[in-house]
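Quick one: the structure is below, questions incoming.
Lettered A, B and C in written order, each chain numbered from 1.
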Amino acid sequence: MILEQYLPIIIGTIFYISTYLIVTLSLNLEAGYAGIPDFGKMMFVAVGAYVTLNLVPRVTGYLLGVDTTGLTDSNKNIRIMEEINSRLVGRYDVAAVTFIVSIVLAMGVGALFGYLASRPAIRLRGDFLAISLLAIAEIVRQMGIHTDFIAGGEMGLYAPNIFFWYRHDVVVALLSLALAVATFLLLERMANSPLGRLLRAIRDDEDAAKALGKDVTKIRTRIIMLSSAIAALVGVLAVYYSLGGTAKDFDRVTWTFWPWAMMIAGGMANNVGVLVGTLLIVIPHQLIFMYKHAIASYVPFDPAWLEKILVGMVVIIILYVRPQGLVPEKPSRTISYVRVRDFLEQAEKE
Amino acid sequence: MPTALELVDVNAGYGKLHILYDISLEIPEKEITVIVGPNGSGKSTLLKTIFGLTTIYSGDVIYRGVNIAGKKPHDIAKLGIAYLPQVGNVFDNLTVEENLRMAAHDFPKTAAREAIEEALEMFPVLKAFRKRKAKTLSGGEKQMLAMAMAMIRKPDLVIFDEPTAALAPKIAVQVLKEIVRLRDEFNKTIILVEQNAKRALEIGDKAVLLVSGRIQFKGGPKELLTHPELSKLYLGLK
Amino acid sequence: MIGISTIFFLETLAYASTLALLSLGLSLTYTTTRVPNFAHATIASIGTYVLLTVVGLMRLRGLNIYLYSIPAAFITVGIITLLQYVLVLKPLADRGNGLIGLMISTLALDIILMGVINIYADFLLQTFKAKKVKLQVRDQPALRSYDARIELFGQNVNVSGLVAFATLIAVAILLWLLLNKTKTGIAMRAAIENPALAEVLGVNVNRMYMLAWFLAGGLAGVGGVFMGMVQKISPAMGALLIVSVFAGSIAGGITSVFGSMLGGLLVGFAENFGPYYSSLLLNMDMTGYDKMFSLGIIVVVLLLVPGGLASLDLSGLKKRLPLLRAGGVEVSGE
């Protein structure tokens, strides 16, 4: 009975920890290791969701023989999705194909957006890149809200329930956990590979890397594309978790600032730090969510505002007290020109 | 000669990057102290340390009996010390006149105007360029402007970091002559860092050789110039 | 102008002047600390809440609104922005934080301020209720009906557009005089161009930067007042506005204060007239696409002239337009 009462919050906590871990790890790849200030992170999560809401159901509908014209019209969307969901039950093959298509499409579109969004400022100083990514992300969000044909506008869209064989939220949470572990292992391997060292070398001395004939822009672009593809996965998971979504769900606070806060708190350029930072922020968030009403009786306003203020302050305080985060980057940090050259030569060979 | 400025066991650097080790040094009043040393040996860092532009880990910098280690540069500037940095010693986007007004920004109005006119008398070349932006001046003219700016503040101690770098030899000689004039006519105490060791040591009263952040030699300029090893090793003299 | 009604033009003028005030301030702070302040638009929306408070509690109408709310917003928001510099950015920079750390701190402050504005809005709502003031604190329509009105081209219109533009011109002239004709202004330009040399000449650079941040914040606050006169008031109004403000600064050249002012005007007009004319041209509804025009400006400028308008060679023009030349502040865009 107790379990039943707490199950949703446990599932939710697993889901949020896992998805935030994926996004923050991907951010750490860009910002921590490669020094790319991605202030537009929310857009890549959002496009993953847009794809799953808009493109994927058309494929599912096609496979099930459901007419999907008018999918993004919120009046028709609900009926189309009811039809799809009723025919989907028992069709494991279609569910599997839908899932794979959503992963592949989301990652592809995520990478494409990473490529396009970084174009204007990838060659310029870091702050210009930060500004333009943030601006483009805001526009992507606004377009999603103000037009119907992307993600159903204000009302949002429903998504097929491909995990009809069990509680979908449990399945998605566990799936997210598995993907988070996989992402962690993958990125940890990358960080310790010659590529990881090359990225840090570029971050610490771009000019030296350039002088040695490295195409810094190209390497950065690829990192943004990879990182955005990974972030787009989370958009897919979020949609399947709540069986739908709207562009409004993907705002700057939840999907840009929070991952940054987690990374800063834990320590940049350190995947273990990212894990610590994620736990450190998601768990209190879940607690505040759980005891929202209890807290509300103590403070004369919505605790959600208080949480914003607290997280913002925690970030500033950590920047002041421990600019390197709780779990600092492992040494090998001050890389001399000679070592940069050695790394680059080594990377060249491999 | 009494001592104008004294450094006692100073260790300093940039952030955590330790550059200067155990520097002890006296700068005599109304004399030219010449600091020489190889590139990167810490000469500029030493001057910046006097002016509070580096991190001092330990030791004292005593000017006229007051410890100025840890003071802010703008406070040190008010004690009558002027410093001409090696690079960026004028404001490129300000006109010559605005540069001079900047140097006198904390003077009362009339005093400022007088000081500016006096400085222009000392460096008459500048008179023709009053309205021009400093970035349009030649290297020599910029150096004159920088010196004028330093003089406006009527300092007792003037610190020059390679004032003749990148100047044609003829103009370089002229700049050094101005420095000698500052000592002889205006009784200024001078610290001079120079790349061309020979030329600088010839006008100096005291010599300091800095190598890898440590003092290798202190004494008379003649002594250093004729030192059998040091002059060959570090000054490129035969 | 072709097909544009006087009212639409004046609202656009108010919006464009607001953006100009914000972009100008953003550049002023950027030239000092070299950090883009992502909280700048939210800071401006504090000015909007000052307006709402003053109008609601003092029951102001007409020109009195400007008379009271502009100074109040200037001082309140100026002080808050000054505190951002003194309590957040300066200490963080002194602790050795790099560009990324400083940028994220401005994003953090943005979120803190959003929380604070929301809490304040709740508080204001209670106060309004108690005092029977009929104003909303979230989704309050623009205070157009409170504005003073005049006859213009045979039409009865709100004065907000004219007041905003006049304020902008006054600010530009005063700022130009400050930066070029006063000791403090010259010292500020010097401190911005070469802080170390300015220090060496006895300028307290930190104090100059404090002044720059205070002014920038104050002007953002004034912009916030005009925002409230022509736009829906809500605590989230800064989130989208930041795109337009950066577009203005980037278009003008982010290191050029007066360039950014012109950039802000340009973006303001583009965002309103762009959808209008393109709707006519393409024969489809383009409203809601206004921010696409500022994004377009950002992209085009960054790709073609990263230094912005101020980096273009305007030597011919410069002789005639002393305002452009005032950019001793322009440290030339990189």
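Keep in mind that, in the parts below, a residue touches a chain if its C-beta (ideal position, glycine included) is under 8 Å from a C-beta of that chain, and two chains touch if they have at least 3 such contacts.
Remember, predicted model here, so these are calculated numbers, not experimental data.
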**Message:** Can you tell me, using the touch rule above, whether these chains form a line, ring, star, complete graph or other shape?
**Reply:** line
**Request:** Give the identifier of the chain nearest to the protein's overall CA centre, each chain being represented by its own CA mean.
**Result:** C
**Request:** Calculate how many whole Å lie between the centre of subunit A and the centre of subunit C, each centre taken as the average of the chain's C-alpha atoms.
**Result:** 32
**Prompt:** How big is the gap, in whole Å, between where the Cα atoms of subunit A centre and where those of subunit B centre?
**Reply:** 55
**Distance between chain centroids, defined by C-alpha means - subunit B, subunit C (Å)** = 43
**Message:** Please output the residue numbers of subunit C that touch at least 2 other chains, ranges allowed.
**Reply:** 96
**Item:** Residue numbers of subunit B (touch at least two other chains)
**Value:** none
**Fill in**
Among subunit A residues, those touching two or more other chains are none
**Message:** Quick check: in the complex, which residue numbers of subunit B touch subunit C?
**Reply:** 15, 51, 53, 72-74, 77-78, 82-83, 85, 88-94, 98, 101-103, 105-106, 149, 153
**Item:** Complex contacts: residues of subunit A adjacent to subunit C
**Value:** 31, 35, 37, 39, 119-121, 124-128, 130-132, 134-136, 138-139, 142-143, 146-147, 251-253, 256-257, 260-261, 264, 268, 300-302, 305-309, 311-313, 315-316, 319-320, 323
**Message:** Can you tell me which positions in subunit C touch subunit A when the two form their complex?
**Reply:** 34-36, 38, 88, 91-92, 95-97, 99-101, 103-105, 107-112, 114-116, 118-119, 122-123, 239-240, 242-243, 246-247, 250, 288, 291-292, 294-295, 298-299, 302-303, 306, 334
**Prompt:** For subunit C, which residues are in contact with subunit B within the complex?
**Reply:** 96, 183, 186-187, 189-190, 193-194, 196-205, 327-331
